[in-house]
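Order of writing sets the labels: A, B, C, D and E. Residues in every chain begin at 1.
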Amino acid sequence: MSHSLDAYLVLSCIMFAIGTFGFLARRNAIAMLMCVEIMLNGVNLAIVAFGMFTPALAGAGQVIALFVMAVAAAEATVGLAIVIAIYRNRRTPLVDEYASMRE
Amino acid sequence: MISLSGIPVLSLIIFTPLVGALILAFVPGANVRAVKAIALGTGLVAFAFSIVAVLGFHIGDPGFQYQETVSWIPFFGIQYHVGMDGISLALVVLTTLLSWISILASFGPIKTRTKEYMISFLALEVGMLGVFLALDLFLFYIFWEIVLVPMYLIIGIWGGANRIYATIKFVLYTLVGSLLMLVAILATAFAYQSATGSWNGAFDLLTLKGFGFDTTFQLFSFLAFFLAFAIKVPMWPFHTWLPDAHVEAPTAGSVILAGVLLKLGGYGFLRFALPLYPQAAHDLAGIIIVLSLIAIIYGAIVSIVQPDLKKLIAYSSVSHMGFVTLGIFVFTQQGMQGAILQMVNHGIITGALFLCVGILYERTHDRRIANMGGLAGRMPVWAVLFGFFIFASVGLPGLAGFVGEFLVFVGTFAVSPVAAAVAVFVMIFGAVYLLWMFQRVAFVEPSEFLRKLGHHLTDIDRVEVLTLAPLFVLTIVLGVYPALVLDFIQQPVTQILHDLGAPLTGALL
Amino acid sequence: MALPQTVPYLGWSWDDIVFLVLAGVLLGSSLMVVMSRNIIRSGLFMVLAFAGLAGFYALMGATIVAAAQVLIYVGAISVLILFAVMLTQSKSGPASLVFHSQAWAAAIASLVVGLLLVMSVMFTTWPLAMPTPIEQSAHDVATLLFRDYVLAFEVISLLLLAAVIGGIYLARRDIIPDPGDPLTRLDAASDGEGP
Amino acid sequence: MTQNEWLAIAPVLIVAGLALLVIVVDLVWPRRPAIVTGAAVVGIIAAMVVTVAAGPIAGLSGQLPLEGQTVFNGTYIQDQLSVYLDLLFMAIALLTILFAPDYLEPRGLPMAEFTATLLFAITGAMLLAGAQDLLLLFIGLELLVLPGYMLAGFAKRDGLSTEGAIKYFLLGSFSSAILLFGLAFVFGFTGTTNIHGIADQLRSFTDSGNLPVGLAMGLALLVTAAAFKIAAVPFHYWTPDAYQGSPTPVTGYLSVGPKVAAFALLLRLFVEALGPIRADWGLVIGILAAVTMTVGNLAAIGQDNIKRMLGYSSIAHTGYIMVGLAVFAAAPDPATQAAGIQGVLFYALAYTVMNLGAFACVSALQRRPGVTSQISSFAGLGRRAPLLGVAMTLFLLSLVGIPPTAGFFGKAVIILSAVQGGGWLTVLAVILMLNAALAAFYYLRVVVTMYMREPAENARPVTIGTPTRVGLLLAAVATLAIGLLPALTGSMLDWTLSAARSLLLGA
Amino acid sequence: MVPPVFFSEAAGQATPAVAAAGSAEQLLMLLLLVLPMAGFVSTTVLGRRMGRPWLIAVPAIIVVWAIASYLAFQALIQGAFGNEAISFTAYEWIPAGDFRIPFNLFLDNLTAVMLLVVTTIGMLVHVYSIGYMAHDPSRWRFFAYLNLFMFSMLLLVLAGNYLLVFAAWELVGLSSYLLIGFWYHKRSAALASKKAFLVNRVGDVGFALGIMAIWTTVGTLDFEAVFKLLPAALQVGDIQQWMMIGICLLLFCGAVGKSAQFPLHVWLPDAMEGPTPVSALIHAATMVNAGVYLIARSSPLFSHAPEALILVAAVGIFTAIFAASIALTQKDIKRVLAYSTLSQLGYMFAALGVGAWTAAIFHLVTHGIFKGLLFLGSGSVIHGVHEEQDMDRMGQLRRKMPITHWTMLIGALAISGIPPLAGFFSKDEVLGEAFKLGFQWVWLIGIVVAGMTAFYMFRLMGKTFYGESHVDPAVEPHVHESPPSMTVPLILLAILSVIAGAVLGLPFGDSTITRWLEPVFHPALETAGVHESAYTIFGIDGILILISVAIATIGMVVGWRLFGFFRARAHLDTVRELTARMPRLYLGSFRKWYFDELNDLLFVRVGGVVANGIWWFDVHVIDGAVNGIANATQKAGDEIRQVQTGRVQNYALGIAIGLIVVAVGIIFLTTR
């Protein structure tokens, strides 16, 4: 199990699905952001797993995972800044209340 | 005959209005007199150039004359290729003539944004002339679309109360057709390229027209062209934009719309659709003949009950243009020559009718027939001219309308007596709606509405006479001596029929 | 103390046990992140999930990643998020509704997505994969990072810089302009909200 | 790094450096937007000059071999395509920066941060254009989109701006995750991150219907994410909201920059890397194209807010460009495939100038704070500001595709490629054309408003700043010249074709 | 009737040879057209400013008359052109491939006769109009129109091909339209002019189709060529008999319209709204004869289509009795004359139909003269009683208008067929030929019509000139004889009415007019196999003459008995009693057998409903579809935009669902 690529991949898929659910269902902007992080981590798990089980990749999986973490950090920074900015305007972190623009 | 070798006559004709428009762009709009003078001058210069082209034209020469070829987008073999044969010549002269007349006729009625109006008008002229002279499919399409924009503005800005609806309808309707035509043009060019392996000449009419495309391809391409042209002509049942556009357009807009724009469709059939896709043309001729017959009779009958002068003339255009398509698609020398002559005649006569209605509108601000009456007494000169053009439109022999119509009849009869018999009934219906309208407008005692206008109801003035005079003369000349046009189009029509191959058989009865 | 080769009684390898336990932690805490009513608790569970993931990385032998995971996620990002939570929670209390009204639809959709993903993973034989993880030295990783992916590495710094600059701009509290200043009032109504 | 590597990356470096420079300039001379603008404009022009002029040294401008030159261990390529796209992106940046001051300054929004953020995004786009490695592709994309989120929320005191930004950000991150998962599948399956390596690995699956399910799933994830980035239906939801909320110059940028860059991603990823299995994604792209343009146009028809309307219309244009991709995927012969890519590239150029131009007109009109972006704001513009009116009309006509404008030639090139492809591509061409007619409906509505409606009572004259004037002039001239000027058109067609060919060499 | 079997050997000389006209004749023929045209143009341009607007128009026509007389003299008396026609082509009118229509003029004896009639009566009417229109402020228009008419009519008779005839045919229609509607401010005049034009157009449709059929068959429209080629084609079987019949019937359609035969007769009575000289010239003496001329001209064709000729005869004789029955009861003096004209035209068609070509033309000539006279006389009367046309408001006018009275009396006697006046000869020729050629039914009806004609003419005379005066007392004192410009033409026409018959119709059997027209009708007679039988004045012909004269006399006498004659009193109470006894017949006749009502129902009401229905269809169905598509598109757009809820989660869910769809799609499409 611990030596099976499929096991890690399945795990990563489930994690991704959980993140997706949260993203679709949560109302709070920051919670949604957290769910995106969960999804990204799920993917990262898959990437590392591919990297570790595939000789041709020769460690690329790990490197990419590092990059993804950096990107995730940047994304979180930007996202949180935007959340804070909008919170100043709207006084609520609940995304479904931001619906001034529609149709 | 004068020698014009080495002079780019056609480019001069096409781009003179453009130059005029550019000059106008730099004239202050407040200086209305200068604006008008420049616009009219430009129109006259273009007209003069087109007359020069007539004088230098070799009637016996079957090919295209004054050809100019400049490479434009060599990547796809697209060229600026223009040339003139008898058909183009007739329509170009018609265009340059009606253009300056329209400009002149706009002096009075157009009171706001004269400069923009004149620029639009000259741009419109560029497009129309380009369509009649282009020999490159791509170039043709570009001019074809260019026509759309100024007309859109002319109707939309200087039009009547419901102008926005009318102008959008006009543009969208025409656009739907022409965009599909673009697909067909590109497909045709590619079909040529894939067969010959080279883009050279892939858009050039002269290289393409002898090219035997396969049957299915012809059918679809022809249908796309057909849609574009049928909407422009307009053929039944694609005609409903026309009454709206005419009613809302300013007078000069109606003149150009009826006088030239509708001819673009007929010209397109002759110049492009038939030579490129002869097989498909043969296959579909029967259906098109039936549609034309419907248009002829239907347009005439609907005209009878129109309450608005312009709408009546608009529907009558549907009927009259039905002759054009009928004449073209019976594939006989007489029919086709008649169709072309009919285009010219219709341009002159209907243009004049719209001018007359415009003159009336200037004084009464109304076009409802029910409000008119007795104008023969109040505006005698106007009534005489209006009546004159009405009888020309009725198809009175000796005036322009007759010869074209009769040639179409004769050409049709040779192919299908039944079709001719149906079409010929328009002689009755045409007379019914026009004469009834004339009776209600010009005869009997003046209506209450007109009486209230009192002395404002003046007879036609000098400028207005000047706009109608050339059309008046031409109406008589072309009725008495139609050879003036027929001689020019004889050779090209023979050529088109030759390209089409076998005569029409079995399409209809 | 040396452990037996396999888990007593069960006959499973230790790695497998670790795997199962970690999987439980990971999925459970992930679910809690998603489901928790209190957003702060969500955040804390997220830290746990990230830590679990680090364990997996270690289990596979990807030690560098595991370390980075702890540093970046557990350390930096989580804290960042928690700060943001604090900032936005201070005035209004916790929302009465955690989930959006479409939660059921969301559940079904994510279930389908998950099933599709899992099945596609299961039914695929990855042609280049080995049955067991491969040893990879830190040196290999470093070589890749600084030789093959050097451009990407440079770009990442740019990315972070951009994020920081933008983040500062967006998040910084401007000197609140005078409400009587016509410019500010007009600005508020500048887009869309007008007639 | 070798000299070649320096030269190849020089344009990217200059732009990135310019971003930093702008921040420094702002620190030295705070609140002097003119200096910032000036510096940025000069810098971008310099970068463009370098891109072209550094050519001979690095083997550019005709001497650049068609296969390009790969640097940084095969992760980045400098070829005709990347040079073309780089210049296009820089042009986008240039125009956006020219248009921005008129809108930002009256609203008190800082020019320096705007310019820097924008230039970061452009850097990302340029990297994307030359990326030969999945990782670089991903990071380039993130560098492109992250500043985009921030720009969307740039008017941070404006509720709509931040609302648009957060929607854009959340959905964007969501799609990034999806994209990443897709990339992971591809990378796991092929065992490489190199674009060419992937293509080589995939060559065995040339027929449709024989993909392993994992790869198919990866493909689906990639299609979804990419469709999101280019704003194709049904992944377009963010577009209207983000466009409407953003400050107008930003909207202009968003409508072209990220879109064209996302198409660059599609070219590198789908055409170059996944080219061998194009039979498997071609039909999907074709269907999406048809749906996208139709839905985009339909939705735009009843729209009263011009930014939102142009947002929907940009969705439609996405559909048009996708036709080119579909042609690549479904065409039988290499020449036609190249023609499809050429269509994408040529249309991207045309779309850039006309759409940016249109947004510039909106933004110029909104120079006076308080002017809404409702279409009614345009009432009587033809008389209030004749030149602006003429320019706007030109751009709108070009967007409709009326000759002789760039938009028309763009459509012509795409349709030509589609009819070359034959089969269902011809149907796609017809759908495209019908859509163009549909589009006329709402574009012309604006013209109607400008020329045929009377201005509101309180309408005041419109004044335009110099940078905007210059920018409008550039955009208008380009809109007219592309197609009409034989030399320019010819070279553009040649260039886009060789760019397409260089791309296809690897596919 | 004889089937066409004697064609073969006659084919060669059957068609009169055509000679090129000499330059003098060319000039004269052109002048015949140019002068009236010039008169029209100059009067139109200058007339309004001229004190005497007739100063151009009338002299022009007098010159035309002189020229025409000279040409006719040359042709008929001198035989200067031999038995040949002369023709020349002025220029090529329509060149379109094989369809080359010259503008060619053609003059043979038939043309010469027509020229005489047209120019003589035309000239007299012009002169008459000087007086008649003297007080109309816009009389310049009147003279211009008259000149235009003369031009058109002369072109019609001179034209050398069918298309040119058709052109002239339409132009006379135009002139007629203009002249009927001369007093356009009168609603009835405006309606009548339109009606005339439109009804004519109905016939013209057939005429036009006939022309197309001829051209399609033989590729030419020139008379000589058509008359040679078409029978030849029939002979060798290139065309079928039914085609020949069809062509003839189509041409006949045109004739029916122009000559106002049943059922297209409705326009002519209404045309009386025009000034009276117009009625005399156009609607009695010249234009309405064009149909007769056309069929006479086409005799070489009709002789090959005996079935068509039977129809011609039937329509003609039916119109004769039908119109006469209406004329019996009309109150408007001009309407009586109008229906009388219809009736007499019916005679001519009957004559054509039975094959008595010469008789038809003979009657055309004499009818032109005496009907012109009668109309001008009625004009004089109307003028005298101050524009009153109702005969119930006249009476006893013979004393106040003696010249008018006497001349009209001559006209009435002439039309009644009382020897030795003009009508006697021609009518007798028509009826006698009909009887002798085997069309006894035509003869029988013709005789009845003759009686009716005599009756209604003397009813007219009685109500107008005799009996008691019912003239408006206010007008009575002012009733006066007309000026010389009006009376002189009356007198001249009266003289002609007296002598024309004898001059042209004597000696019986081989009369002058027969000799004149023999070359023209020779081929037709040859084809039809009509052989001149010896004229037996003391045999069958004599008996026929006696019968017709007797019938006419009876009609005449009944007329005086009931309506008065010189000193004889009218018995109006008897009239009233008679009409009361058969109200339906009376009312039917008085209401013109309800034809106007039928037309109104068919064309105005039903036609209006149909036209409005089609318009409704156009607006609501065709345009409705167009607008419907536009609206549906807009609606669809609005619906689609409903997806855009503004809520991120909705969007995200959409993306997720999209992902699922795409994934399922791709997996389904690409994997095994």
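Everything below uses one rule, namely that contacts are C-beta pairs under 8 Å (C-beta built on N, C-alpha and C of every residue); 3 or more make two chains touch, one makes a residue touch a chain.
Note that the structure is a prediction, hence the values are computed from the model and not measured.
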item	value
Any chain that touches chain B and chain A	D, E
Top-ranked pair of chains - ranking by C-beta pairs in contact	A-C
Central chain of the complex, centres being mean CA coordinates	B
Far-end chain from chain E, centres as C-alpha averages	C
Separation of chain C from chain E, taking each centre as the mean of its C-alpha atoms, in whole Å	102
Gap in Å, rounded to a whole number, between the CA centres of chain E and chain B	38
Where chain A and chain C are represented by their mean Cα positions, the distance between them in whole Å	5
Distance from chain E to chain D - Cα centre to Cα centre, in angstrom	78
Per-residue overlap in chain A, given as positions that touch at least 2 other chains	16, 19-20, 23-25, 27, 29, 32-33, 49-50, 54, 56-57, 60, 63, 67, 71, 74-75, 78, 81-83, 85, 88, 95-96, 98, 100-102
For chain D, residues contacting two or more additional chains	135, 139, 142, 146, 149-150, 153, 156-160, 166-167, 170, 174, 181, 188, 191, 212-213, 216-217, 240-241, 244-245, 441
Residue list for chain B, restricted to those that touch at least two other chains	172
Touching pairs among all chains present in the structure	A-C, A-D, A-E, B-D, B-E, C-D, C-E, D-E
In the complex, chain D residues that touch chain B	382-383, 397, 400-404, 408, 411-412, 415-416, 419-420, 426, 429-430, 433-434, 436-437, 440-441, 444-445, 447-448, 451-452, 483, 486, 489-490, 493-494, 497
Residues of chain E touching chain A in the complex	641-642, 644-649, 652-653, 656
Of chain A, residues touching chain E in the complex	20, 23-25, 27, 32, 95-96, 98-103
Chain A-facing residues of chain C, complex	12-13, 15-16, 18-20, 23, 26-27, 30-31, 33-34, 39, 42-43, 46, 49-50, 53, 56-57, 59-62, 64-65, 68-69, 72-73, 76-77, 80-81, 83-85, 87-89, 91-92, 95, 97-100, 102-103, 105-107, 109-111, 113-114, 117-118, 121-122, 126, 128-134, 136, 140-141, 144-145, 148-149, 152-153, 156, 159-160, 162-164, 166-171, 173, 192-193
Chain B-facing residues of chain E, complex	91-99, 163, 166-168, 170-171, 174, 177, 181, 184-187, 189-191, 193-194, 197-198, 201-202, 204-205, 208-209, 212-213, 215-216, 607-608, 610-612, 614-615, 618, 622-623, 626, 630
